[in-house]
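Below, chain A partners chain B and then partners chain C, in two separate complexes.
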Partner chain A sequence: MGRPVAIIGVGQTKHGRRMDVSYPDLVREAVMAVFNETGLTPDDIDGVVSGTMPSMMEGIALTHFYFADAMQAAGKPIMKTETCGSTGVSIAHTAYYWVASGMADLVLAVGHEKMNEGNSQATMTTVAEPFYQRYFISGAPGVFSMQSQMWMDRYAIPEEKIRDAAAFISVTHHDSAFDNPYAHIKMRVTMDEVKNARIITYPVRLLDVCPNSDGACAVIFASKDMVKKLGRKPAWIRGVGYRGEEYFFGDSDKVVWESAIQAAKQAYDQAGIKNPRKELDVAEVYNPFTFQEMLFYECFGFCEPGESPDLVLKGTFSRKGELPCDPSGGTLCTNPIGATGLIRVAEAALQVTGKAGDHQVPKAKLALSHAMGGVDQFNGIMILGSKL
Partner chain B sequence: MAKQVAIVAVAQNAGAESKDNFYDQAYAVTKEVLDKAGLTRDEIGTVVSASSDVFHGGISCANSYYWETTGAFLKNASRQDGESLFALFYGAMRIMSGHYDTALIIGLCKGSENPPNDTCTLMYADPFYQRGVGLTETMAAAFQMRLYMERYGITEEQCAKVAVKNLGNGLRNPYAHKKGRYTVDDILRSERLIDPLTALQVAPKSEGMVALILASAKKAKEIAAKPVWIKGFGSSLDSYYLGDRDLLNGQLKNAADRAYKMAGITDPEKKIDVAEITEPYAFQELMWYEGLGFCGEGEGGRLIDSGFTEMNGQIPVNPSGGVLANNPYVSRGLQRVVEAVLQIRGEAGERQVSKTVKMALAHGTHGYAGQCHAVAILGR
Partner chain C sequence: MEAKEYKTIKTEIRLPYELAYGATWTRFFEGLKNKTIFGTKCTKCDRVLVPARSFCPRCFVDAEEWVAVSQVGTLIAWCYTNYKYFGMPTEPPFIGSLIRLNGTDVNFLHLMGGFDLNNFDEVKKIVKSGMKVEAVWSDDRKGHIMDIKYFRPL
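So, the complex of A and B:
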């Protein structure tokens, strides 16, 4: 690892359907929140990392131009990182490497999305290859439904058990969202409601799926010297992992999902983590679909392959379980895509600094954050700790 | 910056329309740069690409599409959007962080399959006020050019001289897309696109897959006979709305100062031996001379009149023909780096400048009237 780097402040908008603000004002809300939180000013910042989903979703190309002023980035060095759904975590990685390289002491990372003014599923359809795959990989649910089916089939998990586990995840995350002041969907749901919700793409039902959210997140990364100087409680970056795989869906195994497995392994190796379920105190897994969350548990080594539905139903990953996952309500309740991965990182930072409020996991010291993107292609991990 | 990150191999493809598809072009350049470095894909630590979506790439999340053809399969890789020099900076940072010893950097653009440049740049305009009036990069440049001429008494002839020089230099560059021997008159009599800009003063849209391999100091010593070192880099972003900005005093000076400071350069007009800069509009090259500190404010016209930036001048600027000769929009910044590396290594063929090149500058810009600038200093 290079120079030590820590997160010293995070800012989020109130996520949801934000027709009360323009897109630049949404970005400004998150950026000003982190400045208010830290007491820093734009003058203190050495560089800004910006990122979103592709221009078709934004309604504008090369968004760093349009948001230059909202990000307080005028006159600053800038990077523009974009890796589809994993953008949020990739922005965090860019800010990390910038500080770790010694080229900056304070870097502001900003992710944002205003999905209610765009068409997310139409955009995602244009990620798929135009000649062969676009016709059947339309939007996100198609891909993830196929992946879920593959997974159920591979380990011969009874459908009833999987539905129960998925419903359990949906119920607990929706409950958790009530404890997160920034979460979008705040709705009590029951197991029966989830299991009988309208089918989106079999086996995925409406309450297994994340919403379209408007939201932004801003995070400040600092060098060790700056942490000392500012005297703020740091969330140290302990591991940074990322992997991407082939474009054509069907060329690779999405059950034993190498990009997820290897991204986690890279981060674990850096953080010295051998038994993630024991050593991690909390995880913010990118979970736009309930089924996929269980698959991630397995790929990240939280449990054995095919074992996750049983453990979910036992409460292993619930708020009071052995390894609480997504105590913020996660992506399932809030998904402004370009910001979502960075929100996972921010939530992990809040947890290890004891600032997560009502959804704080007691005594959390080591946290995993994650985002996924592309046509089931990219996985990025950032591990944060209260100690270096 | 001490010798921390070296460029050990470079590759690019030609700017004219190619019948090879995006994927195959990207693969060919990736393979070429690996072969030149004597490395296999497995030996590459990280990959950073630069590309843009939809309007400059035909697909959303363009890096999803080309991921494995750039050698990134199951690697820790990332991607920068809009300015390919960012990918160079990011790759250098990844090496400087101590995590990686080698990085493959690639800028990808297939201009022949893209819509006209300004159909793309219209999408930079905010959708409520500016897009409706048709603000594009060319229109913003026309405003800037008029302002520049009026403020400093720069003439249309002086602006046209940039096109004469660069399209002429392009004749010696086998990769150049647009080239020719023109007179100032030819340039000024070409079609007037948006007054005062004429067609030959505006860059084309070109193919451009541009790749290079970076290595840490230790690794570079093992694998490269002629490493070119990254001495400094910097970028700067300006405010968004044209009316909020001083179009004649933008962010280039900031970006350049950051790069010069890192490189320990206080007198660029003496230390820089050759410069490859991004001049999508001829007059901008004159403005960028000033921003880079090659001359004083408003003196860009006089500088080109003096021959200072010709092939045999004190600082030859764009011996490759620059962006007027070859404009793969997203990867053009990285192409400037490749050309600068070739000059330092003395491998630029017919376009090699006659003076000895120890220190070279590469510059990229994108956005209305140069909203964003990036500068890299390279040296032996």
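So, the complex of A and C:
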């Protein structure tokens, strides 16, 4: 795995509809937050990694050039990493590789998005080529609806049970968002409200879906020497995994979802994790859709295939359960996409360093963070620990 | 955090493109014009891939054996869509569908149709995963993916 690497500080903007700031000023808000948190200055940074969704989201190409000033990247190596929804985890991986390789001691990673300035579903649909798939894929919700149906059919899970479990996830995450000062949607919802909300793409209803958020997240990755020198509490990177599959949605199985399974396996092998539900203390699973979150639990080995709705309803993955998932409220309540995966990483780092505030999972020592990108095509994992 | 006193600018980017199909897609779309759905078979893993491909995405070898595949298949998953976004190429409501055509080894993406799509509760009574479906052709075929109007329940 190369040299040991740790996260030594994270900064987030307040996420939401941020028409009060220009895009570069939004990015700077997160960058300033991480410098304030760590006491570091731009002079200390060896290189900068940044990333977003496709440029059509805000209509400005190569945004890492646009944000060079906001990220204080002039005079330093800069790199953009772009893997659709998994961008944030890929940014973290890129920064990690840079430090692990010995090429840098301190790297600033920044993820950002302003989804309210453009048309998010129209942007995402451009990921599908315009002569076959684009006619049939109705943005992200369409893809996830088909996937959740296939999952339901494969394991013959009663629709009512899945519906109840998805509603339970929505209620608990919306409650958790109240404990996260940076979360976008802060709204109490009931099981009945979720189950009777407007249909977006059946079976997905409005309260099963993430919002369009504006926001940015900045994270500083450090070498072991630098961790010692700075004397900051580290969140060590214990494992990274990333896997993809074929481009066409119909070419691979999205229930026994190999990119998710293998990405997790790669990270578990590095971290020495054999029983993730027992060994992990908390997980920040990328969950733009309630139904899909349960499928991820199964792909990541948190439970057996088809078993997740039962365990969700038992509270296994709730804040006080055996493996709390998304105590931040997750992507379901906050989704500035280019930042979202990095927010998962940042939240995992906050948890293992005991800095997650009101949504801290007591004594969390080992955390999983995750993001998914493309038309169900790529999955990325980063595992963080309080010990190396 | 709603902006009250700060202004915004409205802007737009419009760029024309002409994308090359190449030999394989050209032949596939010519096939649709003649009411034929072409797949290609991988010589290494023997999977029949549809739409036709120039190479197998798993084996990375040329997929040169052309197969006119069945126009009948099984509905694997479907998604009733009744919202619209800028540039959406298909007019809602529509049912995006994954269909396993008989004798093929991947799921083909297209539409379900041939019944009233306006009332979701009625749609739900008709459309069931696992049902047999058949391609319905447009009378005005242009060598385009929409030369198949939709798949209808059998």
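Basically, the second predicted complex is superposed on the first by the 388 of 388 C-alpha atoms of A that agree within 3 Å, B and C clash if a C-alpha of one lies under 4 Å from a C-alpha of the other, contacts with A are read in each partner's own complex, and residues count from 1 in each chain.
FYI, contacts are C-beta pairs under 8 Å (C-beta built on N, C-alpha and C of every residue); 3 or more make two chains touch, one makes a residue touch a chain.
Only a predicted model underlies this, so the values are computations on that prediction, with no experimental measurement involved.
In the overlay built on the shared chain, the residue A:Gly142 is in contact with chain C alone; chain B does not reach it. When the two complexes are superposed, the chain touching more residues of chain A, out of chain B and chain C, is B. Within the superposed three-chain model, A:Lys80 lies in touch with chain B and out of touch with chain C [touch as defined at top]. Judged by the touch definition given at the top, the superposed model places A:Glu258 against chain B, while chain C stays out of reach. By the touch criterion stated above, A:Asp20 is placed in contact with chain C alone, chain B being left untouched. Of the two partner chains, neither chain B nor chain C is touched by A:Gln72.
Of the two partner chains placed by the overlay, chain B and chain C both lie in contact with A:Pro130. By the touch criterion defined above, A:Ser369 lies against neither chain B nor chain C after alignment on the C-alpha atoms of chain A.
By the document's definition of touching, neither partner reaches A:Asn180: not chain B, not chain C.
Within the superposed three-chain model, A:Gln12 lies out of touch with both chain B and chain C [touch as defined at top].
Counting contacts as defined above, chain A residues 56, 59, 130, 246-247 meet chain B in one complex and chain C in the other. Per the touch definition, chain B reaches chain A in the complex via residues 52-56, 58-68, 72-83, 86, 89-90, 92-99, 120, 123-127, 234-240, 244, 251, 254-255, 258, 366-368, 371-372. The touching residues of chain A, when paired with chain B in their complex, are 1-3, 48, 51, 53-57, 59-62, 64-69, 73-84, 90, 93-94, 96-98, 100-103, 123-124, 126-127, 129-130, 240-247, 258-259, 262-263, 266, 373-375, 377-378. Chain contact summary for the complex, chain C toward chain A: residues 1-3, 6, 8, 11-13, 19, 21, 25, 29, 49, 51, 57-58, 76-83, 85-90, 92, 94, 96-98, 106-111, 120, 124, 129-130, 144-146.
Against chain C, in their complex, chain A makes its touches with residues 14, 16-20, 56, 59, 119, 121-122, 125, 130-139, 141-143, 145-147, 149-150, 153, 199-202, 246-251.
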